[in-house]
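Following are the structures in question.
Two complexes come next, and they have one chain in common, chain A, joined by chain B in the first and chain C in the second.
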Partner chain A sequence: MPGRVARLLLGALFGAFMLFLYGPTLTITILSFQGPDGGLTFPMNGVSLHWFGRLFQPQAVGDLGAAMTRTLLLAAMVTATTVVVSLAAGMAFRRRFAGSTVLFYLTVASLIVPSLLVSLGIGLMFNLMEWEPAWYSSAFGAQLTWTLPFGLLIMFAVFNRFDRSWEEAARDMGATPWQSFWHVVLPIIAPSVVGIALFGFTLSFDEFARTLLTAGSGNTLPLEILGMTTTVTTPVLYALGTVSTAVSFLVIGGALIGMRLMRKRRGI
Partner chain B sequence: MTRLFPWIQTAPLALVLAVFLLVPVGMLVVVSFYDYDAFSLIPAFVLTNYQELFTSPVTWQTYLKTIYFAGITWAVTLGIGFWIAYHLAFVVQNATLRMVLFILCTVPFWTSNLIRMIAWVPFLGRNGILNSTLIGMGAIEQPLEFLLFSDFSVILAFVHLYTLFMVVPIFNTMMRIDRRLLEAARDAGAGFWQTLWCVILPLTKPGIGIGSIFVVVLVMGDFATVRLMSGGQSASVGLMISNQYGAMQYPAAAANAVGLLLMVLLVVAAMLRIVDIRREL
Partner chain C sequence: MRADVELISVTKRYGAAIAVDGISLAIPPASYCCLLGPSGCGKTSTLRMIAGHESISAGDILLAGRNVTDLAPVERGTAMMFQSYALFPHLTALENIAFGLRMRGVGKPERLAKAGEYLRLVQLEKMADRLPAQLSGGQQQRVALARALITRPKVLLLDEPLSALDPFLRGQMREELKRLQRELGITFIHVTHGQEEAMALSDIAVVMDHGRIAQAAPPREIFERPASAFVARFIGGHNVIRLDSGRYAIRTDRSWLAPGEGTPGLPGRVTAVEYQGPVVRVVLALADGQSAEAVLPDAHYHAAPVAPGDAASLGWEAQDAHPLPEDA
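The block that comes next holds the complex of A and B.
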């Protein structure tokens, strides 16, 4: 335990870090409510929803509504796939099987290969095969190479702490493997499954490096934002940032509440 | 039938990784040997792409710059991340408060990196908050130009984006340290720094290793942060690749991709030699 002065210093460092972490986002959230004549920085020139309104006018930026729809659909697809695939693989990885080591290293490699290279590789693959890249095919696969390893690592952490005797008890009472999974294992690990879903959704919702060269003609929201950063010089960019952050916070909040409810139901 | 279970359960994972990771990376290697002209790819086996890569001083500078960004970001995020994790694990005593503070540290991970970069613009710009505050205080007369669109702002954004990748694994390993070891160290007469150096640091090494791998890999593969925060005045290998892709110079981009991948793998391998992270999994 450090001394009193050191603890104060560490506390101050932590406070400063929080300010560093949240200050900028908070600033652009405030600035997104600039009045119609306001600029990119303070002072605030009145308070309005003008820039949020501008988001939905087609001439201000690209077709944001369509981009948002695509992004949410893609995030939903990625979330569902990530949950199911990493859950299944996590169950299998509890025992060693032929090929398990190779598959494990491949999964870790998927985290290490830079996003842009995955994007480029898939882009080239579709190009050479003369397939049409699209958000629901190439970009979908590109995002899975990022979300699945996270999902699987969470499953590892979950099953390291999992009490096998519940499952054995179920089997002793005559449950089939499917029954013991559905009625015993899944309810116990449900909060972590919500966690995997949270990873899947937010990682997909904010991803741009992996979709950059794989999304084809239909942009996702982060790609629209990336394009806007060089061309748009009004607070409309901040308004878009506020909307995007709000969606993220809604999802995080929903997931945290979901986990709490599930824990409560189990009475722990 | 049950013997087939593991393969059925992992088949989707294996399929996704094969189609969207293995084949594409193989594709990068193949295309890096292709020839090309202004209009099309020419399947061939030529070494010109690598020759250009190795003989161009600009390319060398870009690789060095990428290593420079990764090195500085690594040092700063480790410095900050270690003490933030230390504070959470050893100074904060209340378990609920610790959890709340930890979640606060991780929430930005779930929000958009692009937005978090853009959020620095009103702070650092020529007429931004920092400059007007400093001028208002009389500390400076002219606005500081180096704040935005410089190496400084690039590194600042990297630190802002990636410090939590250090905090989380280091905090995890610290929480697993048996508190009795710290008491034993104190009983044996060790001071704060001795305990830190001889007990906590060695036991935290795997967490530091994982955090370092994340940070270094993310920075080395980056293109957007460098483009946005340097305003086009600095370069990284990732940015060079995305520019070459934009100019349809696919084989050149692929050769650079192979170069970048090798660089990343070398760094990761070096780190794995220093710390054994398999114990962590």
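The block that comes next holds the complex of A and C.
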């Protein structure tokens, strides 16, 4: 047990950390309820839902609805691809194959290469090939360079702890490799697969640097917000921040509740 | 009589290392066979090759006269119970047992009813809806047993099935395994490193060492006539002593002790005395440097007790000295 002074110091440090972490989000959330005549800063000029209403009306600058749709669609595509590919790759990497080490390092390297360079590279390549960059092609690929290595690393951790005798037992009882995957492997690792999906979704949802130079003409939400910060001077931005934070919490909360229900059904 | 399981010069190599070195063995029908030996002797590799979970480097395996060397586990008519049980954590006890039938496309009501029967066979009918995590070690093992048996194997393979249980449960499960084997009338092949377990269970015990079979015989024969010094030492309860006329295995419970200097027998000095209830174990350092022990009935010991450091001689009846070959 640390002494009195140490505890005070540690407490203060923790308090500062919490303030640093959640202070900005909290400030923006409070300011998004600014009255109709209020500005971008304190003091609050009344309390209203005015800016949330404005969010869904046509903006002078930017098209939030379309950006939001693009972002959600892209996130869904990235999530699905990440889950399928990292699951398959995780299964493949359980045994050594020719070039497995090289492939692994190549995959993980894209976590280390600065995001903006990845983005620039993909943008340039599309330019050279005279393809039209778009959120569903070039930005999709750029985001995958970010989410796939993460998914694969999680899969490695999962299969490290996976007892191979489960599969042997399934095989012993006459399961084909496909049956063994479907009825044994997949249900056992399901929670981790959900984890990868959540991870992929969140990484994609607020991805910025890799999307910046690859999104083409249709902005994703983070890009649209960046564009708006320079021109829009109303708390409608804050309302947007509050809404997207709420969406994130809803997705994570939904996944947690879903997992708990699944576990309850299994009676753990 | 045709053997249920026959191994013909079966060899397993891992790269340059030889795990199983050309072993041949015939196991008679409906017998309880224990593969016994220290770790690394090749017993588990042998079991896994019979199960079809390990490829065979050379040789053949015949089950009921049929060559199964290249067949998948399910085509062999074997079932395996894994050391860690390998119960599927996401399925209930009943669903675990029904798994084999499910893979064969048996309908749900039918397979669950059948699984219920096997759950009764292992006396766990109240635990049908429990998940493996909610079962004790002994219960998990019974589920694993039922799950292996439901496919109606001709040979049941058990990989160290009792090693994870506490001593009390181990004894109980041992009786149960033997009862099941008798009632089902099929062959059980059971891998263990415990000689006590092998003695208690087997009709035929196979003692293995360095990938070879040191001796395969009924346990009584192994105990009374060990084929080598290794077998005598591994099976326990023997002194392996070199005399002028050669090497002998002498049962420690047939050895007796004559306290004092110059008494008849091999002279030595007591180095340890262990009280074990019905018997007392006395360890001797013989004058010629060999070590030996005598397990004496408690009444005999207390009639003439010895303490570490005392002089004593070790003796035995001539017919109790079992000659051993020189090599091993």
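Assume the second predicted complex is superposed on the first by the 250 of 268 C-alpha atoms of A that agree within 3 Å, B and C clash if a C-alpha of one lies under 4 Å from a C-alpha of the other, contacts with A are read in each partner's own complex, and residues count from 1 in each chain.
Here is the rule we use: a contact is a pair of C-beta atoms (placed from the backbone, for glycine too) under 8 Å apart; a residue touches a chain by one contact, two chains touch by 3 or more.
Note that the structure is predicted; figures quoted are calculated from it, not measured.
Shared-chain residue A:V184: touches chain C; no touch with chain B. In the superposition on chain A, contact of A:P114 is made with chain B only, not with chain C.
When the two complexes are overlaid on their common chain A, residue A:N45 makes contact with neither chain B nor chain C.
When the shared chain is aligned, chain B comes close enough to touch A:L124, but chain C does not. By the document's definition of touching, of the two partners only chain C reaches A:G174; chain B does not. More chain A residues lie in contact with B than with the other chain of the pair chain B and chain C. Of the two partner chains, chain B is the only one that A:L152 touches; chain C does not reach it.
Within the superposed three-chain model, A:W166 lies in touch with chain C and out of touch with chain B [touch as defined at top].
Shared contact residues of chain A with chain B and chain C: none.
On the side of chain C, the complex with chain A involves touching residues 51, 53, 72-74, 78-80, 82-84, 86, 88-90, 99-100, 102-104, 129-131, 133-134, 147-148, 151.
Those residues of chain A lying in contact with chain B across their complex are 1-3, 6-7, 10-11, 13-14, 17-18, 20-25, 27-28, 31, 40-42, 84-86, 88-89, 91-93, 95, 97, 99-100, 103, 106-107, 109-118, 120-125, 127-128, 141-142, 144-145, 148, 152-153, 156, 177, 198, 202, 205-206, 208-209, 212-213, 222, 225-226, 229, 237-238, 241, 244-245, 248-249, 251-252.
Every residue of chain B that touches chain A in the complex is listed here, in rising order: 2, 5-7, 9-10, 12-14, 16-17, 19-25, 27-28, 31, 41, 80, 83-84, 86-88, 90-91, 101, 104-105, 107-116, 118-123, 125, 127-129, 132, 160, 163-164, 182, 192, 213, 217-218, 220-224, 228, 238, 241-242, 245, 250, 253-254, 257, 260-261, 264-265, 268, 281.
On the side of chain A, the complex with chain C involves touching residues 163, 165-166, 168-176, 179, 183-184, 187-188, 190, 266-268.
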